[in-house]
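Read through the structures below before going on.
Next come two complexes built around subunit A: one with subunit B, the other with subunit C.
Let's look at the complex of A and B:
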């Protein structure tokens, strides 16, 4: 019977049509179609530019000739490049650590404010994160201004000599990190606050009956319970901070003497301002392997523990 | 020696009084159960003993020392929580040893105690597991194990069985009793389940509205409740309360339920009840098991009467019958073979020797 049906063209066509019909009805197909707009968006806005950047990085300055790894070889030979690598890591790691610590401490304070007043405080503490960074950095720029610095004015009241906030390499790095911490801490605060609220109160009660001091409660209960959130927030912030552009650009534009340049700003300086677009693309591509290593370690730790707890 | 003493203990939340001044003496090694409806202050009382709630007034002493201002960690107590409160990131062994570790107990001593407790609770093979990999009953055992290894002065249980299914609850109830018989530590146990209270306790404390209604052994509470609340709370199905009047005729007393129905009061209660003759708001309290079918043999103070049955509920070993007197639904427990049927008249027997007379205006059992 089946043999006859297979040889009959009409039946065969019917089978094919129902095959297509079945394919359309498969859950995975529907899911793919529904995700298609987003996939297209990512392809156009992320995949294409990324691929294009890789392509650009292999061209010569005039973008007329393929030079392979030539741009990278050139970069490896330049001291400024290694300075930027060092500064990017210093900037991202220091800023993330301080953001995490400040966020954690502030989250504890906010968590202990009675529920009635908590919303108000939460809202106010989020302000630095909500203002567009380019704008708030401008405000900081005025605070740091060499001639009219409000901060130096306050220091002068106490008889302390003015600080060259953006004028000297060490202080400029400090200032850039300070502003980044100021803008980024509220994000950590809000994430940690949510995590704190999800730790059952009874675990703390059990711990205090078990004899734990407040510090032991944080060490043995709060931190382990928040570990995943801490890791994800740190990773997320590390990526964003590493790729930061606006704060450094507005505050110091990489100066003095390149001492605050990070990958984003230096790629802009070399590529757009310096007119060597392929070299700028090569600089920006360096962020990928460094972030990929960090992301792999952190995410592996999370999935490992995610299946345990 | 670890007796627990509460003196005029008060707990106030803003303007709300959760506990209104209670006195309680718990003797060493005693198993005390605090029972009552939700919001009666039983959990608050337990948490005050634990030190998790501040005391608004009065004194709490553990082992003779007033602990009002002593933090929980220095009270030498162990607590089992309703949702177990096991540390999810630690395995069973770590959960159980956490308290000892914080007290800087030597490692081999910790190991010995954890293994011993695990043996008592039969969880030795679970020591490496994380709480997530355990069933509800196993988590319950671990929570108890965590309490046992501490070898505290007092065990506190906060509704430990209410997250378990009915079958497991009965099993764990027996388990807790066994553990207490082995470990013999003063125990305060909070529950809203009167069956748990009756089965576990040396003495039961019935609480209502932030006050202690009555303290007594399970049998005391059952057979001689002090108040209407206790009479109605202890026992299932609950005691029947029937509006009645007390009449005196020729030196004997009668409870009159309505024009047609009245029962003579047992002679030994005449002196106790005489003062209440003619009072308003009296209730006759009679447990369902004291309303049965008629039997050929009759004890003194048992009286037969006819009733039309409204609803019949067969339970297997007995049948519950419901009927109405004075607009109040009354429950009786009859033999399944007594022929009870809905909407049919039935001859029932009331055992007045177990009657209670209650003044509804004060709530006191007379």
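Let's look at the complex of A and C:
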């Protein structure tokens, strides 16, 4: 409508064209000005630091001399670095898989019960996602306390010996993943529940007419219909989990013996606490490849959906 | 339903009872659903409940080897101690000011920018919209080290010390909140029918009037969702204040609780849990009242766009 309204006078009256042209120009100028704060914010506080990190990573500790790939070579020679790489991947991948599974299962249970009770359950189950992670991790830290662990107290009732939740490398790795799954799976649950509700009921009816079992219905109807949401949520969560900081920092601070350090926490230890800013920047840059891959897939999905509309 | 009639046809049994067995299956499915939901609810709610339990105990009871899940002498002493501590109130004040300022700043920047990106196409606007989303995917763990160095540079060149001030967070947090808020708002604005603003423009409304008189009222649910999101993120942010503030008078709540309460004597857990619970309270209270907006905002990020 506005197109027609705007175009017609332009075609009809030649002397009005320049005025209209100016107006159009003004419209895009106004639009640019409206977006300017956003552009400045992103340029100064996100894009520039991200590029600056690459430059920093090529300097020596005192930031006085260019050392090229010196920091990276130094990292490749350290066992702790490979431990961090291993733990970051283990942490992110395991946590995302469990979050996705638990989220999917819980979403199904919530979807199963009568609609009027769903809101209450959904509200209750989303609580871990709402609490600031640093605060809820404190609660877990206290639940995992070596001498007063309330979880070990429960296990003792069943005759299970106390578990060194944060004291021993293997268990500490398990604990940080557990806390991450606890915080993150409600998000998956909400996303999957929204996706479940968008699957047309007729598909299930058709499937049950064809004699599909509940498993076949999930495998051939629910999963294909939810594929997009599952992929996007998992990729998104992979980025956030890979770049996690709060949980590991509060729960184990990387201990015991650096076994739970991930890129974010180790970069903090090396760069801020250790005072070696270039090395810290080099450590954090190792997050970029996996972030880039996940971001590419997410973007592809989003632009694909954009062109469908 | 149709399934039931067909199978009854095959087995030759009357229709009525089969319908009953269908609903019996359904009833069992329901029972199992409730059973597992209760289990998951216990798992999901255990830490916050344990926070509450511990916060109501005395230090003596915490250190005693009794049932940790039971309170024999409930007391509010931890709350009184903490809330009469000047330090804790400073943390709370810092957090509140930072969060509110970040919300105002974020919503102003992102609503205006989202309007420009969704409705007023200009050169590069599509790229910018994608860029906004990409920015949202860049984590703060990648940026805090270069920012650390940049702050030192700002101090050298302009003489403005950004380090160790709580108000620095007002500048920093929008990098985490603006991209997502803009992204949600683009989605909401794009879903508003074009006829609405075209009618307004034909009637001679300016772009600003179209935004304030039409878009903001119509997209109000989206604005509420984005506001809640922004507040939650600003309140919960941990890495930036941990890296950039050190003096106790400059800390925000999450960092203040973790760094000042955790060291010291071992049986401070009553106070730590009280602090953690009070720190979790504002987002939880907002969530309790505006749950539907909160959830709408969560799902909007992925389902719209």
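Basically, the second predicted complex is superposed on the first by the 259 of 309 C-alpha atoms of A that agree within 3 Å, B and C clash if a C-alpha of one lies under 4 Å from a C-alpha of the other, contacts with A are read in each partner's own complex, and residues count from 1 in each chain.
Please note the rule applied: a contact is a pair of C-beta atoms (placed from the backbone, for glycine too) under 8 Å apart; a residue touches a chain by one contact, two chains touch by 3 or more.
Being a predicted model, the structure only gives us computed values, none of them experimental.
By the document's definition of touching, both partners, subunit B and subunit C, reach A:205.
The partner that reaches more residues of subunit A, of the two candidates subunit B and subunit C, is C. In the superposition on chain A, contact of A:115 is made with neither subunit B nor subunit C. Touch criterion met: A:220 reaches subunit B, while subunit C stays clear of it. In the superposed model, A:32 makes contact with subunit C only, not with subunit B.
Common to the subunit B and subunit C interfaces on subunit A are residues 205, 208-209, 211. Of all the residues in subunit C, the ones that touch subunit A in their complex are 1-3, 6, 29-30, 33-34, 36-37, 40-41, 43-48, 50-51, 54, 62-63, 67-69, 108-110, 112-113, 115-117, 120-123, 125, 128, 130-135, 137-150, 171-172, 174-175, 178-179, 182, 194-195, 198-199, 201-202, 207, 232, 235-236, 238-239, 242-243, 254-255, 257-258, 262, 269, 272-273, 276-277, 279-280, 283-284, 287-288, 291, 294-295, 298-299, 302-303, 305.
Considering their complex, residues 200, 202-203, 205-213, 216, 220-221, 224-225, 227, 308-309 of subunit A touch subunit B.
Note for the complex: subunit B touches subunit A at residues 50-52, 71-73, 77-79, 81, 83, 85-89, 98-99, 102-103, 130, 132, 146, 150. By the touch criterion stated above, subunit A contacts subunit C in their complex at residues 1-2, 5, 27-32, 34-35, 37-39, 41-42, 45-50, 52-53, 56, 63, 102, 105-106, 108-110, 112-114, 119, 121-128, 130-136, 138-140, 142-143, 145, 148, 150, 153-154, 182, 186-187, 190-191, 194, 205, 208-209, 211, 229, 232-233, 236, 239-240, 242-246, 249-250, 263-264, 267-268, 271-272, 277, 280-281, 284-285, 287-288, 291, 294-295, 298-299, 302-303, 305-306.
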